[in-house]
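I'd like to ask you about the structure that follows.
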Amino acid sequence: MNRTLPFLLTFIVGFTIVIATFSPPLDRLAVDTAVFFSIIAVFAMILGGGNLVKINLVKITRRQRDWQFAIVTLVGFFFVLIIGLFKVGNPGGVTGQVDAPGTPFFDVYTYVFVPVGATMYSLLAFFIASASYRAFRAKNREATILLIAASIIMLGATPFGTMLTAWIPDSLDIFEVPNLHFFLMSSPNLAGQRAIMIGIALGVISYSLRVLLGVERSHIGKDGG
Amino acid sequence: MRRSTLIGGSLVVVFFLAAWLIKGAGASGESPYYSAFLITLAAFLTLAVFSFLYADNPVYKFAEHLFVGVSAAYWMVLGFWQTLVPNLIPRISRALSEQLELEYIDELWNVLYVIPVVLGILLLLRLSRKLGWLSRYAVAFIVGTTAGLNFIAYTRSNFMAQISSTFLPLVGDWTSWAAFVDNLSLSATGPLALLMANIVVVLGVVCGLIYFFFSREHSGTFGMASRLGIWILMITFGASFGYTVMGRISLLVGRMTFLLRDWLGIIAS
Amino acid sequence: MTTGVIFTLVVIGGALAYFAWRSLRGKEIDRRLIFLVIGATVALPLIFPLEFEHQPSPLVERIYERIEALPPGSQILLSYDFDPGMAPEVQPMADVITRHVLARGHRIAFMSLWATGQAQLNQTLNNVIPVDFPEAEIERDWVNLGFKAGNEGVLRVIASDLPKMFPTDVEGRPTAGMPALEGIRSAGDFDLVISFGGGKPGPREWILFVADPTGVDFAAGTAAVSAPELYPYYPNQMLGLMGGAKGAAEYETAFMGQYEQFADMPSPGRRIMGPLTMAHIVILALIVLGNVIYFRSRRERGTA
Amino acid sequence: MPPAPGARSIASGGRVLILTLTLITLTSSLLATDPGPGSIAPPTLIMVNDLDYDNGESLTISWVPSLDDVPGQSEVVAYRILRSSGGGQEATIGTVLAGESTFVDQSVNRDSAYVYRVATIAANGGEGYSLPTDAVVPNREWLNWDLVWLFLACLVLGGSVVFFIETARRGKKLFVRKIAGLEAIDEAIGRATEMGRPILYIPGIQDMDEVETLASLTILGKVSRQIADYDTQLFMPVARSLVMTAGRETIKTSYLEAGRADAFNEDMVRYITDEQFGYVAAVDGYMVRERPATIFLLGAFFGESLVLAEMGNSVGAIQIAGTARPPQIPFFVAACDYTLIGEELFAASAYLSGEPRQLGSLKGQDVGKGIAMAVILIGVAAATIAELTGSGFFAGVVSTLQNVFTTR
């Protein structure tokens, strides 16, 4: 019982959406359910935020490792939550855009959020370098192909790529790095992307059906649980 | 806390305090010390994250924990003001909509917007030991919508659209065999290059799909096609990799420019 | 060549030589050393600018030529669909295209599908137009329609009715009767539409919801990461593409070469290419060295 | 609601009709409305079309431009569209520029009848009004026949999956090839147990509205079932609150099934932050400090894929990754021990369950691939023949296939 009813809900909701797609008076359901989802997700944030606060409070009271830093998290969390939810210092008052320039919320975004986020992101440049050195090895034919393609594309991304092969005569210019670059991007790369996309579509179709038909229902939990 | 941590921490604090004051003294504008503080804070956080490359350390931990708290709250605030309020209020209350300067939407469908609210509340019942099982209905609803929406979306845009753009003629731009042979050259814009490009696309898609076949042993001719398929996939991955390198390094350039120009003022804008 | 540039080359070359020496002796290189070298490779060419020659690739050239070929007074829509994260790559493209379009005497409508795009757009409005085109007039030569929330929804509407979505510009001036938007009923009436971006919504959505249905000429400037997925749309649905900093640098080169009064303008795209090129070379070298070690150790295991 | 496709087909069809009719009626319409001195010719042949396959919320008005509307001349500036309904007041509902010949009225209600007139507006301020149209009622349709091919595709692809699920249920044995990444799961969990170090499970950074996340949670169900047996520590940081809720439920179920309810602890699943790199910062910190022996990276990943995979690699974990995002796959291929590519991620849960019905659905997917390949080859062959011989028939085949497989 505990499992049958939720499953029925999944089944009915899923197939209603599928069928509604084909009916003009109902096809806005797709848009609406997407909005429903984001509304529910906001409710869920209360659970997530609660979990964050709880875990950090436990860390502090039990003096677990790095408990001092849990204070930093909590202070940052509540500070932003308060200036954001109450739109503190917003020139437009309660109707003003929440992240309007000049508000403390905007300053936090620009001077804390963006620098840390962008710097974390830019660590990728370092990690790409070390991965290139340690992981991109011609262990087998597949890895070798990947390496060669990546090298041509990277050469093509620099002015050296052009200089390196500029001597090739026009009748053979398909072997010039910029042209090879273009060929790789527009042919094999395109084909690969397409094969992956078609495959994914089939995977999603089959997976969705397994879920909707109840062949796969681990998300609903177990009876009596 | 160990002594070395304390000394190191104080040094970092003193350094950035000094940096702030120097920057503030040199700045102009309405509130020079406030804007200098913000820039210095951003620079400190940038360097704190970079310090992780050397090893995990308290300065990184500070930036990490601050970022986690701040960003969690940031998304919650946006969720409230940019998702909940504009999507729900205009369908619930005319008076409240007017107060928030939102346009009231008056239609029969408003009734449906009870669903997410009820499900949202069911989800919160998870906090109760007794009624926690009710949250399953919210999850069941979400799983149903995700499965339904994606079933259609992927069939439409991934399956059908990708197939229809692969109907390429396997001949170049030519009028007769003779002309074709005459034009045969290895020029990038020549007919042979075009022909090759189309052949590779068609063959690549078909062999790529063969690689994904689950219900057949990959042996014999089928296995060879599957091999070719994985090679094509590897070229795709290589291309993605090569292009990503360029993008990621640009990001690093962006951060370096921030440090060197906006903070230190070493390089001109 | 200045001492700074020589210094840069010596540092990077020395580091690579050291790596090669270690690798040839079969010893791994410490990750942190690699990190340090990458940091130096990016920072030094920024401090001591290192510039290269750039040949515009065909995809970039198409855009340049189209803007050249349009008769003066043509109307061009530029959409800023990116955030600070993509800005190092994409902002230079937006700036140089704005310069080119105004220098050629065309009219611009600016807009943005990203909330964060507004700030990027303001950078062009503050740093490019008043500095290089003091005579350009708002409403007559350009108009800022600003950011509109709604992603693809915005595109669907402007594909059939632009004033419906933008009854006023960003500062509340009614758009009806503005010379910059003269005769524009829908996004399809522009002579060229360019989207700068790489996420969603971005160039792909512009193609699906505006360029395809209306048939308007469309081009894109995008972060390098997103370029591969836009290739399939060239040349039928998209007339040109600037991918990553290289695209920006190529465009800047083409523009600065032809318009002498701009020969000394800031060229952030070209400047990024210095560190970018050096970093690519270092990474390519690392791949080669990694494989040297790999094959060495394999041979040793084979002979042992 | 996007009325575009129907509108276009009707508009173009309408235009053909109008062109033919114009020739016949041009003279008569000229006679019917006598332009007085100083006035301007009105548009003629006003047609009102109900859009096909919509919810009865729009009408398309089209007309033959005024005789004075000559391209390159500026005598006519615009057309004004006027509408009245139920004998009420006539009101202007829109204006379009000279040279245009259609207008879509999206402010109509079902069940009301509308009468339209179109007026030419001259540069000198003169106006020329057309005759009113007959009353038209916008029509609502319950089925969108434009999408019939999409419907059939869903039916065929879904049908073959269901068919093989049924076949398998009846006991027919189906072959499924090995998927290396999934064969390795046992070994990976065992290794963590031996080393006495935790297992880290990362379900991507997207929410529950992404199928990849759902697929990842399903795999989590199978994986955590095994982990429960081994009594190894499991940690799953998440970037979305809903995923936290669903993840806890999934793991709890597995532990219950394994009879290890006592070992389940809610804190195995922890919400970090919605922010991509805030999440990465915390997970990287976790990896460096706790040194997990095994890391699963399954789900929707973006730029953070390499940071996570490379970090995991540097702490010496055995890593099993999978995603359906092509740009991220190369990093997983490079830095992880096993990678599930695209479709394999979705097949994984079926494969791991070993249940016949689930395996049957994989066979159903292969039918879809077969169809895709067949259609592509037919399309390519027809396109090639059409190009070689200039045959109209084969060109027709290609354009028909193109139409069938193009959906907006």
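For reference, chains read A, B, C and D in written order, and residue numbers begin at 1 within each chain.
To be clear about the criterion, a contact is a pair of C-beta atoms (placed from the backbone, for glycine too) under 8 Å apart; a residue touches a chain by one contact, two chains touch by 3 or more.
Worth saying up front: this structure is predicted, and the values here are computed from it rather than measured.
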item	value
Highest C-beta pair count, chain pair	A-B
Distance-maximising chain from subunit C - centres being C-alpha averages	D
CA centroid of subunit A to CA centroid of subunit B, Å	4
Chain centre separation (subunit A, subunit D; CA means) in Å	17
Distance from subunit D to subunit C - Cα centre to Cα centre, in angstrom	28
Subunit C residues counted as touching two or more neighbouring chains	31, 35, 38-39, 42, 84-85, 224-225, 227-229, 232, 244, 246, 276, 279-280, 283
Per-residue overlap in subunit D, given as positions that touch at least 2 other chains	150, 154, 157-158, 208-209, 211, 214, 242, 245-246, 249, 271-275, 277-278, 281, 303, 314, 326-327, 330-331, 333-334, 341-344, 347, 362, 365, 368-369, 372
Of all residues in subunit A, the ones touching two or more other chains	18, 21, 28, 34, 37, 40-41, 44-49, 52, 99, 113-114, 116-118, 120-121, 123-126, 128, 130, 134-136, 146-147, 150-151, 154, 157, 182, 185-186, 189-190, 192-193, 196-202, 204-205, 207-209, 211, 219, 221, 225
Touch-based graph of the chains, sorted into line, ring, star, complete or other	complete
Touch list for subunit C against partner subunit D, complex	31, 156, 159-160, 183, 185, 213, 225, 228-229
Residues of subunit D that touch subunit A when the two form their complex	1, 53-56, 140-144, 147, 150-151, 154, 157-158, 161-162, 165, 207-209, 211, 214-215, 217-218, 221-222, 240-242, 244-246, 249-250, 252-253, 256-257, 267, 270-278, 280-281, 303, 306-307, 310-311, 313-314, 324, 326, 330-331, 333-335, 341-347, 349-350, 353, 355, 357-358, 361-362, 364-365, 368-369, 372
Residues on subunit D engaged by subunit B in the complex (per definition of touch)	149-150, 153-154, 157-158, 174-177, 208-211, 214, 242, 245-246, 249, 271-275, 277-278, 281-282, 284-285, 288-289, 303, 326-327, 329-331, 333-334, 341-344, 347, 362-363, 365-366, 368-369, 372-373, 375-377, 379-380, 382-384, 386-388, 398, 401-402, 404-407
Of subunit A, residues touching subunit C in the complex	99, 101, 114, 117-118, 121, 125-126, 128-130, 132-139, 147, 150-151, 154-155, 157-160, 162-163, 178, 182, 185-186, 189-190, 193
Of all residues in subunit B, those that touch subunit C in their complex	50, 53-54, 165, 239-240, 243-254, 256-257, 260, 266-267, 269
